[in-house]
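Mind having a look at this structure? Questions to follow.
When the chains are written out, they are named A, B, C, D, E and F in that same order, and each has its own residue count from 1.
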């Protein structure tokens, strides 16, 4: 985020270890967000372009300018198997920066999906391809290729800081970024949380109350809760 | 809505008669809203979390504070077969107050769905469970359990006043609340309206114009409508 | 858009030639928008009421006032096979101006769908009918029939000027209007564009980079793009 | 909020005692909201039309329909010295329902200001008159006088329930409603709070820390706060 | 709005007669909008950048692309005494397209102000200059000069069609466009309306009710209004 | 932004050199944003709470949770002369986190203003104190003091990354953050830019066209601009 960050492409980035990514892919965004201590969530305006879309992979980051998707093509060359392209824009813009031609190219180069703080188009084709995309908007308006942005620099996407190589996980609940340095730790915490929830789910399904299961009755009384008839 | 309303739980509430609820469940939200004289609609930002979700039941109301879902567990204990939980928040908040564990608990206690002027999460699981939820947002961000709210007090949810025991009906068109006192009357008016529409539908499908069927031509001319070529 | 435009109904309008409409119906909104030089798109808040909705037809335009859908019935009489009703409102209003009864009437008179800068209702029924609607909102709140608007005058709908007889095309990506005078020209440009894209798609799917296919490497270098390790 | 509420005008309403209103007028909205236990606030989209506008008075409530301000004139007749007109609309509408002619009439009849969940116009004139208005929008678009609404029924205005005769207080921070039944109690609580704050203000201005003044250091340590260098 | 509209600059345009513009400048936007039959208003999100800003002049229209203000400089050359620059953008963009340098240039060439469906910056300087600007946003983010737009073509600005030479009037209530062809007629209607209002204002200020002055009592009774105690 | 970031307070931070801050305080946000290469701007929804507010200082950062302002008091102790408090929230929340008591405390400890991606209250008092605040909302709704956040960690505020010690500059045009490492460099670039603009302003005021001053005529012709009559 310095004066020298425009027009920079970083070729080699450290990526989160594949085993940690694989493990994270088993959990939902809500579980991971909890496991990480409730940080790393992108703004909730980021929505899947089709119901049921989900992705998990290592971030290749792109900084675009409004109305210009030139750097998407530069990013395509740097993709490796298991990457997710994460796109920020230097100002709010809902143009359709991405469509099925780029999706075809990204997939051919190993890309597993797209997270973009902007608009996309060709929703029908992308749905048919089952290429998962999480965006702030859908717009048929295309973009030009005239202004330099950057690839693989730290970006702020939908309010969250994403560094190249971080893990990005997205599903119907939203998008969360897990920093490379703590990915394995978060994956383990998510696993523990999930195991814990399975037991709770069974008890709740049997009609046991959260009030009893979590032992809340006394705390509520202490806090002053009054039951009236 | 008084100074004494925080930290209050009303155990016993009058619920709309089951037969009236059952009858109302046969009609869509738009029909009921018309039948009631065009009042009782929640703001249109309330949307189903999956296409086709619908619910009809008696309201158990909850007042939460931003970022805190403690009272949801208190409400679970008070649910009876056929209830719908209606949640208002003391300030706008799009956090995910509700997920599949609470849905499991609500369903086990007789709950038929949720209407919440806030966010929810676990959309994939809730869709698989076919647990109908109407909310203002979807967010993976969870909540804490630290602040007292209230249960079964009158609440203003998405702009509409909901009293405990009122009927809440929701479908793809939105959410409407029918006050207990007029539920049977509204159900009857909806039935009359529906019968009337079936006949109209047949005539319109045959190509008859609303201009003729509703006898509008003269009124339009009187109002000054001019046809030009 | 003059002082005399309220309460006017134009009976006979020139419609775009059927062959051009038919040809345009083969292309997506994004393709047509590009083929036309990136003009004519409605604001991206216009969304289909069900996933996969699409339409292409000649515009019958309607200008309504907030909370009043009287002119919809006047428009029904003027529909011909292949028309799409395009509705503007004199002020922002998200009421449900349209539902399945009007859809039944429109379809019986040859109407192929609706584009409305306002709200609609009966979404479940409209989806079952597969009657394509693109709107700014969904609302169960109905409207009255008391104020004169106009039919078949030029309207500004969701930010775009639509003249009666223009072609309107809509799909998951949005809505675009193609002026009658250039419809055939745009259809031909869209065809050329589509052919061109098929070849590109094949090359990109095989892993060729856009950087090479579009010959961007030199331009990027000239613009100052720097690769770092 | 029943089926019988449209077209009703209640002539005689109980108003909050003048002394309590007078006492409440000395405090800001934030202080009153705190004193009341953090309920009764209208949504924060309600803003003054000029900086520094403020009002405090007893509510005369009006329910309008989109695009129609007929009931405003009915309300004018019912105003008494010290009243504030509170307007809700049966659906979201940003039309300019109110301007300087109505303000002139309201003032002549004792009205002290307007709170409206809709739009207003003549902002320049209203500012010159120093007639305080809190609204959700400003719009030059006028309204008609054709549809019955109601006067002096309970309304939900910007998310808050307002009963006729309640006290409405508004300033640069927003709008709060104080129910008639607790107005004196809230006024007293506000006075206590204000006295308490004056002492605190002096200590903070002298450089004392809230950490010490409120005794927070131990609680923070218990909660796990860690200081690092 | 055709395929040939990009990159076009129309040098000579017909402007509304100066006398009509002068006459229109005496009335507020709300009055003119009423006088014109309630058409021609731009969306209410268009706001003055400082309280009290107002303008009235003949439109020189500009179509920009997101993030690019190149055509502003082309427009500057075409300004004549009494012109107002009206800017539309091919897609929603809140960048700061305009600042005090351009304002200095516009004023030096005869420009009286700016109406822009986009963002502006240098608000402090523009306020000091008392250069009236009505915009949808304020943003410090600048723009580039790289893409051709057009000057003096018909544009849709904030939802309204503006033709070069039309009169644009703006004040605290919003922005209205008066087509050249009816400018004198509208000015006369506004004068009539204003005279009429002065008399009404005096009667209302004396405490006479609109109910009596407009003779509404009988109509209200006929419509079914019920007074209760 | 790691798992260890909650409940952390960093006591000693490196602050941008006072001379550089002083120099930056002479320039507007738009100028600094340009001088820095068009990065570092907060989202344009961040607005001053009174017209003409401006600030320039070194950032003390705070991460809050919705509805809880506890950490503000922790931050107060760490303020030094010339600091600006920059507040991010872990989820969107428009509550009034800040008012005149905290402003009194901040000022007494050397604080020069507040930038907060949330709401504030006591606007009238803050205006009287001329304590500059830039926020996303104004709300009378207060907050509690119950949840740990952090102080002086990197935060994402209104879409921009802010590190403790960075320079924050705000005026009517918005808010920009200048990283510590490049503050002097940006200040120098801003000075150069300002000098350059003074000369341009004089020429434009004399009626010279940007077309000539910037030598754009040839580029425009090459790009294909067509003048018609």
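Following the convention adopted for this analysis, a contact is a pair of C-beta atoms (placed from the backbone, for glycine too) under 8 Å apart; a residue touches a chain by one contact, two chains touch by 3 or more.
These numbers were taken from a predicted model, which means no experiment stands behind them.
Novice: Go through the assembly and pull out the chains touching chain B as well as chain D.
Specialist: Joint contacts, listed by label: C, F.
Novice: Taking B-D as the reference interface, identify its repeat among A-F, C-D or A-C, namely the pair sharing over half of the contact pairs by residue number.
Specialist: That would be A-F, since it shares over half of the contact pairs of B-D.
Novice: When I count C-beta pairs in contact, which pair ends up with more: C-D or C-E?
Specialist: Looking at C-D and C-E side by side, C-E shows more C-beta contacts.
Novice: Return the distance between the CA-based centres of chain A and chain B, expressed in whole Å.
Specialist: Whole-Å distance between the two chain centres: 31.
Novice: Any idea how many Å lie between the Cα centroids of chain B and chain F?
Specialist: 42
Novice: For chain F, write out the residues touching at least two other chains, lowest number first.
Specialist: Correct list: 38, 41, 44, 51, 90-92, 94, 139, 141.
Novice: Classify the chain contact graph as line, ring, star, complete or other.
Specialist: other
Novice: Could you please write down every pair of chains that are in touch?
Specialist: All touching pairs, sorted by chain label, are A-B, A-C, A-E, A-F, B-C, B-D, B-F, C-D, C-E, D-E, D-F, E-F.
Novice: Please give the residue numbers of chain A that touch chain B in the complex, ascending.
Specialist: 28-30, 33-34, 38, 41, 44, 47, 51-52, 54, 171-174, 176, 197, 200-201, 204-207, 209-211, 214, 216, 220, 223-229
Novice: What residues of chain F sit close enough to touch chain D in their complex?
Specialist: 7-12, 50-51, 70, 72-74, 76-77, 94, 96, 99-102, 104-105, 107-109, 119, 121-125, 127, 137-142, 145, 148
Novice: Taking the touch rule as given, give the residues of chain C at its contact with chain E in the complex, in rising order.
Specialist: 1-3, 5-6, 36-41, 43-44, 90-92, 154, 156, 159-161, 179, 181-182, 185-186, 189
Novice: Which of the residues in chain F end up touching chain B in this complex?
Specialist: Where chain F meets chain B, its residues are 65-68, 90-95, 139, 141, 144, 146-147.
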